[in-house]
Structures are given as structure tokens and as C-alpha cells.
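Chains here go by letter, A, B, C, D and E, matching the order in which they are written, and residues are numbered from 1 within each.
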């Protein structure tokens, strides 16, 4: 269906109650309604990293946060491929780049107000951006703007150096104009500013790290209560003016959010209707899948989108013999992609078998397969040939890490161990706690080298749906630091060069092409073994109206939802 | 039968021996007092004799025995064995001397390790002391077993397979292994039935004659002590109150306490109960934690006078070989305290 | 009929290792104001007998047969509840180890009050007065203060006195003292024995005193019962037992003990061997393996259990030897040795 | 002259009734072992437990052959036994049948029977060796504390108190989560098993330590220790020759009772995700996976039952052993 | 008496110090064996793809560049004198006892702990009541009817109870009673007592029963053993010889003495439970201290771990102190010095 504006949702929908059908909200709005009122009960199986717009980095948080904050731009609401587009939100229109691509200007709409009635000005947006610079106070949020903008040398953040003027990076030239000054040309600025760092924060209400306890709303809802780690509720923000906001229908009167709910219980409650929304939107648990999939009635309540997330295995070239590309290729050939897919939950809950790095949702993505095997089940012959070419005809031994508290990664490691053993590659499996996986183990350069880690399970989701948003963080060798790495395997100067080229390319098609080249290069290098492009089985809550899967958010579009 | 030789050097000489067990309290384990278990006692034991040590429960008999054998460290005083001062000798230097001084314990059930065979128990002294025997340890052990009247065939049996009396024999056999000169027997028969007691008492006597042993026998049963001792010491609250040879002590006891003890023993003669005049002591033995001052017996003594509460009577020789610590001894021609009092006034 | 009559009392315990015949056919009687002494080696069934009379084996595994008549009532067949009602009031008991026999968590007073109030419907205050009174009567100094002490705060002698006070709190007509002085020192033992004699006179109760100390028995008893292997082997008036004992075991007992009232003997005359097991009581006369005169019976001792026969005025003996033989042995062989040495 | 003392043959024979005759005094010695064995033989329940324990040990030892005869390689995937859309086992009851005796796991179709059999090995290994560690630490410290007394006892007693006050599980998890994965010449699961054994053993020694200390305290008061001292025996001799042999029975009993506790401890750690590295099967690990598939009764029940039966068998046997060795019990 | 309490408290303090040092050690020293640097530690607490600079800043803020001893000292100081927390826009005072601020959320730990205590308390107290009543009653009855069918049945059940891992019973009972029959609420349900007592009890019923089952088993066995032992004591014979009714003999003389050792065990068990019933709370996802502990460990959030561990240890210490004091009340032979 076409992406109608929320005010006239989903033309495809028939007038009455929608017929439940599998994947119904992927292409259209399911159960469309404009009825206002009611409460949506939502739940989360763990806790937010932070409710502060400067300090959060989860997709669900970006999605859900739009209920109480507004950013310069946002993804176009509604179902279908259009969801990948960015549209203006606080801003009147998309950003205007300077010809050199180093200055971006955004103009705010008129009539914007905070929940306390004070008007939202460009200064508040610039302040919010400057505020997010302080990573000591906000360690969780993305740091794109820290790197992209031309921050003054002596600027240490708005708290530590309150007197330093940061207008060299971001400035409010008047009440409605925000100007970003970049250090290098950057094409995807509109994607960057849809992130919550641009959600305005009134300086006089800013309490630093404690701001998360009460975020001042710029969106249609504001906080009523907030019990950290347990629950919070949102109620209507009467200062929000619908006429300034084409994106949010703001149907329910109230949102109740429960935190740290047991994941299985959450699924059960979702099925029974006592909870209407599973906030993380990463799909149902295996126990629930076992109930839902065989049951047509339940299955009809679900959607099964592919999300822009790649589950993959880093094939780390730091240790012998994986420093030899042929040996890495042997791993590529030996892997049983079907078994890997199963480990991740199969074609429905797990994902589509990935053959290259970029997932299908990314703008300009091309699908290609350099390491085809019969039925995707691995090719021992080819693997052995590669091994021979590598000088290890009898195979070799290496270690594979995974996050011990993630059953799917554990299953993947087990599957890899089975498959690779057929080609003579012996894997030792090591699980580590997720909390220190990157800091101490699979993302720690020293550790990987000292302990001969060859393979490591990883996952990556895009921050925005273009090549840069997806690829840069996991294939750019220059991001590698001593600890906390997501990328330890791709260290290729050519790749780095292509990335720089792509980042500065303002022409969209050429840019997309360049990212495909990066993808190909990485696959030739055989340093990433893609596993699946993730899919999730999402269940539409009972009594929820206006449900649409948004590709930009990669989950249901939370700002559209209404209560029956 | 050998006669004790009183003329020679004593085999064992105990001089002013004290043992105070500290009583601690509070945070820093401050010592707040002491149980004066043994509070300055002296006695000699001569070769070939049997010294009996009697007294009521808790008066320090066992402590004395354990001090002499250096199972406990004396707080003060001196223990001289065969002319050597062993009071503060290190356990290493003491080890060879231990052959000459052995101990028999009270409880035949707890004094034998239930996990060891009779052979191992009786052979332990050889092993611990590293003594070589002519025909091997087994032969030596079997010889000792038959000496104490046990069947040498029972070498491989465990203690539980024997009756109480037999066990006590095993315990005695162990002490005999190294041919000691002195044996301290701490209540060797009090855990046994009457009929068995006699067997063991006889055995001890026979062994003494045969092996030329010297005994210190600790007991609370006055009749048993009389039966086997040559000399008897009576203890009261950590002190020796009277020491004399058997005949004198039992026929003409001087210390009121000894008197009371003797008269308290029930006699197995129904007719005797009518005729006997008994001394009845009031109350129990006071706690050794804070014993009465001066003469410790004055709280229960019917003859006690003011002096008994203030002046401690020395253990003085009142008649030859008869020492008593009392200001007003009975059966005595002259009372030392009376003389003293007379002199003072 | 006597105040207490026990007829053919048998108390057997079935155990994993076999049937323990702790008491095997015991008959005796006792009048009020009289004292019976029971002597015997450890394990000869003395305590089991006394507990049997009080009915304290009931509900356990014991198999009890025979008759126990107390003041005209048969106790063995009576209901447990009825016997319970008699305990404490009509018959009471003093145990050997007063520390473990008193509840460590309750004050001495509490335990006496409890005993008193079971049988007397009085207020706590009255009972307390009575308890203080009783403690005073058994010779505890400052009874009004000591009534609130716990057993562990008493010395051994005081505990035993308290035990006695508890047992006597309801004026029992039968008092059984099971080794009441074994745990005590001689001087204290003498005090307690005196106390028991005084109290018995005062209350005119029947007293059974159990001990293995012949001295204690001689001191107190009118009658004496000698037990061996669960059976009575000699029973009779104290004088008769002490001056004309007829059973070789009794001779053995007398010969084993060193005596203070006579010149010291050169050697003691022990009984050889050790007491029998109650599971495998030797067949025939239980004493025969240890009896120096067993062969005189021409093997009868090994096969036949001798009957308990009367020799003279109430003096019963269980022995195969003839009366004259026994008399002869005592007069000619045993007595001279015991007395002259 | 020696007195003609008679040693009646019959009276000196072994008499179990001497147990009864000496009422109150506990009878020990070889008879203890023998009487214990007699009692144990009569205790059918305990014997049953013992038989199960032996069977379990046999299963653990012969897990290889058993698996090859009755099941499949515990690590091998059986995609064909799995419904590819739901990833649950095909058919009813988790695909139980002659092919897979106890059905297969969801997702990868591994043979549950084989995994349980293979898991027995780990559970028992850790149960036994961890107990060994506790017993060694507990015995050494307990004996030392009990025998030497004084400040030594104070210090060791405090250490035991500290251990008792520790939220042990929390600590064990914290520790197991951060242990390096290489060291002591071991690597990978070898090291993890060693670590688990150490952690479990290290955290459960105070229970044995207390018992041993108590027993030592009372043994020290026994006169045979004094007897040895008066013969001039050194501490080593007294400890090893006199005291230790008397501790063997209680140690054996409590070790038997500690094994199931330690097996449960291991299962708890595996359940909380800090156990052995996959794919090595453990019962606790299987259960923790089963949590996500609680709708599959076979997946939940069989590992749970395996733990239950093992622990129960050890408990029954240990209980019986304790009763058998208890001098008071008849 | 007072000196006794003081001495015990000092001992407890020493113990808490040991506990905290060990926790600190596990957190800092063990990763250092694995070669972790301050940055590596800090990168646990940043968002994904944080720059090295971010990591460095965080490491600085959390004080990871200081020697472990200094960090420990700071922590201890915080407990006694409170601490300050720089939240960017200002400084917050965290009054003593300050267990610091979560590395991850920046929230003070102490309120979190206080917040979760009622859950664990509710769980522990309810279960304790059930298991003490049930366990002791069954134990007494079993002891009195030794060898009977009831005895064998209850002891068999007790042994089964001891042998079942709680995460298994918990899971099975959840599946049956909650997911299957729908009688009890699903895991994770907890209503504060003050809010709705009925719901509070209803929500906790299943955890109570499961937990109580485990403990009741132990207590039944111990009570039985204790009863059998005391009922063989001499003073019981004395009580009977006095003519006391059997019921009174059992309750006033037998049970009183048999329960004293159980009191000790109860103190320790209860203290440990209050400190966090890790497995139960994990199985039923109850938001109590046990779950908090596990989450804290999973997230490697040291201040949280320290907080919960110290609180847990404190409860054990306090419980055992209370028990010892009670013991002296119950058993007059015990002298506290």
C-alpha cells in the first residue's frame, strides 16, 4: 500500500474491523482507526538503557521515544518501503546542505512548545546536540555527531565547559534555524538528525545524567510517573499542537509501560491480550513460537518482517592460519548455512539466509553470493580445496566465541562446530557474558590475539537504512580500538578507501553503488561470514488499532498505534 | 614382694607444683581469674612403693597425674624424675624419658583407639619410641599380652571385642611395653564393675611385684586405695591435706577432712550402721575458681576457728612420715596451732 | 497382701540382634516403711525393673509380662493413662544422673511445681510455696532464692536433692531410687543417704534402692535382692544376705570388694570372666561360666535353670548346689578367707 | 608371679551385644564398619539408593558405549527430526520412539537420551571431585582447628563463618563468570570443569569442616589421644594414626551426603548459565535451555528427573549410611 | 551481654570487610589476569560503537585509572561518610550508607536495594512461616509415629523435596499451575503488601509453596531427628515419671529442646534467604534482591554487586546474631560472654 499520511491511514483497509492475516501490517495498516482515547499497555523484557534522548541507542527507544520527543527529521510513518524515507518533523523540510556538503541547515516549524508551554526554539535543539557531546555523562548514545561536527578544541561538553561557545559545530542562527558545521562532507545528515540527539532539551530544565528521570516532552505525550527500572506512564501533553505534527496521530490517551517483565510471560500476556505491545520488537520467544506457528488463529495475528540486522560471524585474521584468506574461505564454504539459520530460529523467527553483508532493507542493497554451496548446506570439497590452498590440508583448530546468555548464539556456535568439523576444522567453543563480551573478550584486541580467537558471533543493525548507517561501524578498520570493538575482522585498506569515497559521495545512486562495492570487497576478503538477515515474528496486540510495520524503525510504528 | 626403699632418692619428686587454668572473658580474652586446679603440692614417690592419691571430684587429682606426666604444663613448681628436672623439658627431650613413666587411664572405652587392633595399640609404644625388639614387635606384644592375662592370639582383635576388664588389661599392657619404672594410674578401676575391679586390682599388684614397678594410683574410692597403696595422700581443693603411710592414715587420720571421708564410706555390714558414729560434712566442695582463703576446708570443718580463715596451715610432719595441713589435727598429741596460739598470747 | 508385689515380671526387648531378656521372671514384695535394695552388675536389669514398675516402658518396644501389684492394684494390665495418674503421686523415682534427668531449660522450681500441680489442683503460687518448702526440706540452703535457679547452676549434690524434692513433692507411697548416689562424692553420698532415710521415715513410704555398691545397700536396706543376668539369684533379709550369703555370685561380690571396716586383705577374690550378654544368656544357670563350683553340679548348671528356693526365713537362693553344700562352702572356704586376711 | 587370670574364650568372642551391654558408651572399631554394613544391608531403601548410585556411575563410565548402542552422538544435529518452521521436534512427545528414546531437542534435534547419559558423566565427575575438594579442605582445616584449638580454631572458625555468610551462589556465579579461560595448563572445558570443581568444592567445605572439627574436638578429649601423647607421640602421629582413622566414617557419610548437594550446586550454576561451555551436555544446562521451551514436557522433565534421581539416590544412600554408622541408632 | 553484642558486631564488620574485599577482588583482579585494562572495563558501560574517547571518559569518571586499593577505599568511604555523584549538570550528595551509583544507570544503589527488599522479605517470610509450621509439624508427627506409614511417607516426600532443584520444581509448577491451569499468576507478578494484601499473597503463593517445600523437607527431617534424640533423653523419662500427660511431655519437654538447634539453622537459612533467594527469584522472575544480584552480575555492575552482596551478608550476620541472642533466652545454659 501507499504510505498515506497518518491522518488518512491505509487506503487499502476496508472500513470495518480488519481481518487478521499473517503479515497483514507489513504492507498495510492493520485495523486502521482514528478513534482517540484509551490506554495501551506495553511491556519490556528488560530495562531501557536510558530514557534521555542523548543517552540511548536502542531502536525501540528511538521508535518509542518519539511519543515524548521530536527530532529534526523522522522516518516516514506507516508501512511499506516508504518507511525508510526521512521526512521533516520539527523541521519544516529536510536539511539543506551547502554545496561542499559540510554545512547543513534546518528550519523549525512554527508553534512548537515544550510540555511546560515554553516555545521550542532552534537554541534548544542546538543545546541538545551540544549536550549530547558529553560522553562522560551520556556514554550510551551514538557518537556520530561528536565525530562529524566541527567542535571547538576546548569544548568538553556543556556541563564542564559551560562558557565555551560551540557554534562552530552547531548553532542557532535565529529562533528557527539550526545550522550544523561538519568537519567533512557528509551526505546522510538527514538520517543522523532523525536520531534523538536533536530532540530539543530546555537548558534550564537540564539536569544532566538525572534528566532521564524526567524528560521534558516535546512530543504528544509527557511523563506522568516514572519508577526507574519498573514502570512508567505517559499521558497527553496538552501543549503539543497536532497541527505542527503531520507524523503523529496520537490516538491513545495514555501509555503504561512495564519494565523487566519475564520474556515468556510477556509473550503469554501478549497472546492473551493483557499486554498489547512488546516494546523491544525483536520477536517472540521459542516457547511462544511453538504455540503460535502451528495455530492458524494465532499465526494470523503475527507479522514476519525482515529487519535490517545481520547476524554474522567475524572470521578474525589475527591468528594463524586464518590470516590466510584461503583458510577463511574454507570456513565460508564449510559452514552449513541452513543449520546456522536454524540456530537463529529458522526462516520465520530467525531470518533469511544471508549471503553478503548488507541486508535487503538497506537502500541500494544488492544480493550476491561468492561462496555458493549446494542447498546452502556447505561444501566440504570446496572447503578442503581452500584448505589445501591455504596449506592446511588436514584442517586446523581454532576457537569460536559467543555470548553465553544468548541461546541463539550458543546454538549457532554449536552448529558451526558441527559443520566445520566435517571439513577438518576443529572449533573450541567459548561463551562469555554479554556484558563483557566486547570489552573483555571478543571485542578486545589483546584478548583475541592472545587466546587465538578465530571466529566470533556478532550482530549488527543499521542506525539508518543506508550503506553508511549499516556498514561503517563493522567494516571500517580505523574504528578498531583496544577494547569494545564490534569489528575485529575487516582490516582492509581498500575497504577503508571505498568507505571514505562513499561517505563523501552526495549522489545517492553512486553512493549506493559504492557501498555494494564495499560489501563485495569484504566478502572477497572472507572476513565476515554472514548468517542471517534477521527476521522477527511480531505479534499484534489485541485491541490495538492502526498497526503498521515501519521499515525505518524496523518494528511497528509506535506513534501510529491506537487503542480500540 | 619388693619393699619400697624410702632411704634412697625418691624416684619422683614433686615440689610446690601449681596448675592454674586461666578463665578468660571479654573482647580481648582478658584473664579474669583462674581455676586453681592444683595449688602448690609437694610429694615424693619412692622406688617400689605405691602412692595413693584420694580426694573428692574436682580436687585436682587427675590434673596432678597429668602434670607429672607432662600432659599439662605446670604453672609453677618442679617435677623431678630420677633426679632430672623435667618441669620445662621440651617434648623432644622428654620423649626418651617417657619410657620410664607411663600412665593408665580411667575409661577403658575411651583410652583405646577403636580403630586400632590390640596389636597396634600395645605395639604403639615400640613404634613411637622407635624401640627395637629382639624377635620383632609382634612377639614382644604377645609376651606382654600374656603377662597381663590376655590371650596372645587376640593380637589382631579390636578393642570392642573385649569386655571392660579386658580392655583395662590392654591399657595396662600398653603401659608395660617399654618396661617403665613409674606408672601413674588415674582411676584405673572406677569405671569397672565391682567383680571386675578386683581382677584389675589384683593384676596391678601382681605386676608390681613381678616387674618392680612404682605406682601413683589416683582414685576416689578409699577402700581401693587402702588396698593397694603403701602411702596415701589426701587432696582437697588443689592441695594435699594429709599424707601418711596407709596404716597410720586409716587408723588414726589427723585431718578432719580425712576423718570425714573415712566415716562417710558406707560399710557393707548391716549391723555396723547402728553402731557407727559418723561425721557429716555440710555442703559440697567449693569451686576451685575462688577457693576459700587460708585453710580451704574451714567452710565445711566442724573444728574451724578464726585462725583457719586467716592462716594457711602448712603441711607439717606431725609424726614420722605423717604430714598434715591442719591447725587442729585430730589424733595428735599436740596441735601445732594450739602451740602457736599459746605462744602468741 | 504386701504394699508392692511383683510376680514373675518379665521385660524383654526385641532388637535387631535378638531378644534382650533384660528382666526374666522377677518376684519380690515390699511393705510401706521398708527398704529393698537391689544389687547387681551393670546390665543385670536393675533399671529396667524399676522403669517397668513405673510403667515407663509402655508404648515402647518392651514386652512385659507378669504382675505388678501396688496397693492392691494391678499395674501391668492397667491402662497407660491410669498408670500415668499414679506416677508421681503414688510412686515416684529418683534417677542416677540428676543433671541429665532434669530439663535444662526449666528452673528447678518450675519442674517441682509442674510435678506438684499434675496431681494437686492448686494455683501456681501455692505450688511454688510448696516447692520452696520441699527444697528446704531436702536441705537446700536459701530455698526461696534457689527455686529460680536452673539445674546447671546447682552442684551435683544439690541437684540430687532437688531431684528428691521433686520425687517427694506429692508424698509418693513408693519411692524408687536408681543409683541415686553413684554420681556423687562419698561425703555428699553420705548426706543424700541420710536424707533418704530421714525422709522415708517421715513419709513412711516404701523405698527401693538400686545400686551396685554393697555398702550403700547394707546401710539402708531391710531386704536385699541380688540380680544376675536379668534374674534374681538371691533374695532375703539384709542380715541374712550379708552374714549367710548362699550364692557363689554373692560370695564373689563380697570377695571382690576391699573393705574399710576390716583389716586389709592381701588379695581380693575376684569373680573370673565378665557379665553375660542378655541376648545369649548362658543356658542353665546364667552364672555357671564364671562359677568356680559349676562342675560340682555334674553338668546340671549348663542345662538346667536352677529354681529359686527358700533356705531359711524368707531367704531365697537360685543355685543347683544343695543347701548344705552351700553352707559348707561358705562357712569353711569363703568366710574364713574374707574375714581373716 | 603372674596371677592365673582366666580368659574365657566365649566371652571374648565378638559380641554385637556388647553394644547393648555397654549402653551409653558408643562402640566403635571395625565392628562399627561391620555393624554398619549389617544395618545397611537391612535398609532396603538405602540399598536401593546405593544400587542406583552404582548404576549411575556405571552409566557415566560407559556412557560412550551406551550412547552408541541406544542413541546418537550427543553433539550430532538431527535436522530431520525437527519441524523446520516451528523448530520443535516432529511428531508427538518430542519425537520419542525407538529412534530417539527420550525424544530430541528443539532447534537442532540432538538426542536427549544421549545428552542425558553424557551429562551424567559431567554431573558425577563434578559432584565427586568437588566433594573431594571440600573433603580435603574441610578435613584438613577441621582437624587442625579441632585438634590445636586456641587461636587456630578461632581463625578457622571465623573463616567458616565468613563462608557461611557469603551469598555463595552469587559469588560462585560472579567468579565463574569472570574466570579466565586458560591457565593451570588447562584450556577450554577442561579448565572450566576444573574451575567448577574448585569453586563448588571451595564453597562447600565449611559444612564438612564443621563436622570434622566437632568430631576432632571430642576425639581430642578421648583418653587414647592422651595415651599416645604420654608415649611421646608427635602431633603428626596423633593426627594421622590416632585421630584420622576415627574420622573416616563420619567423613565418608558426610561426603556421600555432600555429593548430591554439589551436584545440585553444579546444576544451579549451569542453570544460571555459568557452567560448562557448549556443546558439552550438562543437566543444569539442558534445563536452562528448556526454560525457553517450557511447552515441551520431555525437554523439561528428563533432565530434571535425571538430576532428581541422582540426587535422591545419593541422599538415600547417604542417609542409610549415616543411620548405619550412627552409634545411637538401632 | 552488651560486650558480647559489641564483639559480635565487630566480628560482623570484619566479615563484611572481607566479603567486600573479595567481591572487589573478583571484580578487578580476576579480569586483570585476563589482561583487562581500565578502558576494557569501562567499555562495558558505554553504548555500542562508542568511541575510544567515550570509553576513556567513562573510565575516568568511574575512577578505573586509580589503583584498586584506592577505588576500594573510596567505596568504603562512601558507605561511612556518603559520596558525591557528579551528574553533569550538578553534584548530588548520596548520604551514608552510600553504596555508590550504578555503573550503568547512574542511579544510586541503596534506594534500589531498599526498593527490592520488601519483595525478598515477603518471599522469605511467607515461605518461612509455611515451612516452619509444615516442616516442624511433620517432623514431630513422624518422630512420634516412628516407622509408621505416615513416617515413611512424609520422610520419603521430605527426601524428594531435598533432592529436587528449585529451578526445576519452580518451572514445572509454573507450567502446570500458571500457564496450564491458570490458577496462579505467571512469574514476575508481585503486588506490594500495602497495595493489596490479597493480591500480594495470591501472587506469592506459588513461590512460597515451592520454596517452603524445599525447606520444609529439611526441617521435617531435622525436627524428626531432633525429636527422636530428645525423646530419648533422661529428662523426658523424668517428666513421664512425674506423671505428666504425654502431650505435655512431647510439647513442653520434648519439642522445646528439639527446636533449639533448629532455631540456629533457621536463623542462617532465613538470613541467607533475605539476602536473596537467587534461584527462586530467577525462576519466578520476582523483582527481589536475588534477581537484582543476578542482574547486577550479568551487567557487571560493581556497585550493585557490592551493594547486594554486602546487604546479603549483613542479613546473615544479623540473623545469626539474633539467633544467638535468642538461643541464650531459650537455653539458660548458654552464657553469652
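To be clear about the criterion, a contact is a pair of C-beta atoms (placed from the backbone, for glycine too) under 8 Å apart; a residue touches a chain by one contact, two chains touch by 3 or more.
What you see is a predicted model; the values in this text were computed from it and never measured.
A.B. asks: Quickly list, by label, the chains bordering both chain A and chain E.
C.D. replies: Both-contact set = D.
A.B. asks: Of the pairs D-E and A-D, which shows more C-beta pairs in contact?
C.D. replies: D-E
A.B. asks: Report the inter-centroid distance (CA atoms only) between chain A and chain D in whole Å.
C.D. replies: Once rounded, the distance between the two centres reads 49 Å.
A.B. asks: Between chain B and chain C, tell me the centre distance in angstrom, where each centre is the average of that chain's C-alpha atoms.
C.D. replies: That gives a centre separation of 32 Å.
A.B. asks: Taking each chain's centre as the mean of its CA atoms, how far is chain A from chain B in angstrom?
C.D. replies: Here chain A and chain B have centroids separated by 91 Å.
A.B. asks: What is the distance in Å between the mean C-alpha positions of chain B and chain E?
C.D. replies: Result: the chain centres lie 56 Å from each other.
A.B. asks: Counting only residues that touch at least 2 other chains, which ones in chain B make the list?
C.D. replies: Those would be 163-164, 166, 199, 202.
A.B. asks: Name the residues of chain A that each touch 2 or more other chains.
C.D. replies: 264, 405, 433, 436
A.B. asks: Multi-chain contacts in chain C: which residues touch at least two other chains?
C.D. replies: Chain C, residues with two or more chain partners: 42, 272, 274-275.
A.B. asks: Going by the contact rule at the top, pick out the chain D residues touching chain B in the complex.
C.D. replies: By the definition above, chain D touches chain B via 1-3, 5-7, 9, 11-15, 18, 22, 25, 27-32, 222-224, 226-234, 237, 242, 245-246, 248.
A.B. asks: Considering the complex alone, what residue numbers of chain A touch chain E?
C.D. replies: Residue positions touching the partner: 47, 49-50, 55-57, 134-137, 139-143, 146-147, 157, 159, 206-211, 228-230, 260-262, 264-265, 268-269, 405, 433-436, 438-440, 443-444, 446-447, 450, 473, 479, 481-484, 486.
A.B. asks: Please name which positions on chain A make contact with chain D in the complex.
C.D. replies: 264, 285-287, 289-291, 293-294, 338-339, 342-343, 345-349, 399, 404-405, 407, 410-411, 413-415, 417-418, 428-431, 433, 436, 451
A.B. asks: In the complex, go through chain B and note every residue touching chain D.
C.D. replies: 66, 69, 71, 91, 94-96, 98-99, 102-103, 105-107, 109-116, 124-125, 128-129, 147-151, 154, 157-164, 166, 169, 171, 174, 178, 199, 202-203, 206, 209-210
A.B. asks: Which residues, counting only chain E, touch chain A once they are in their complex?
C.D. replies: It is residues 31, 34-37, 39-55, 57-58, 60-61, 87-90, 92, 104-107, 112, 179, 186-188, 285, 287, 298-300 of chain E that touch chain A.
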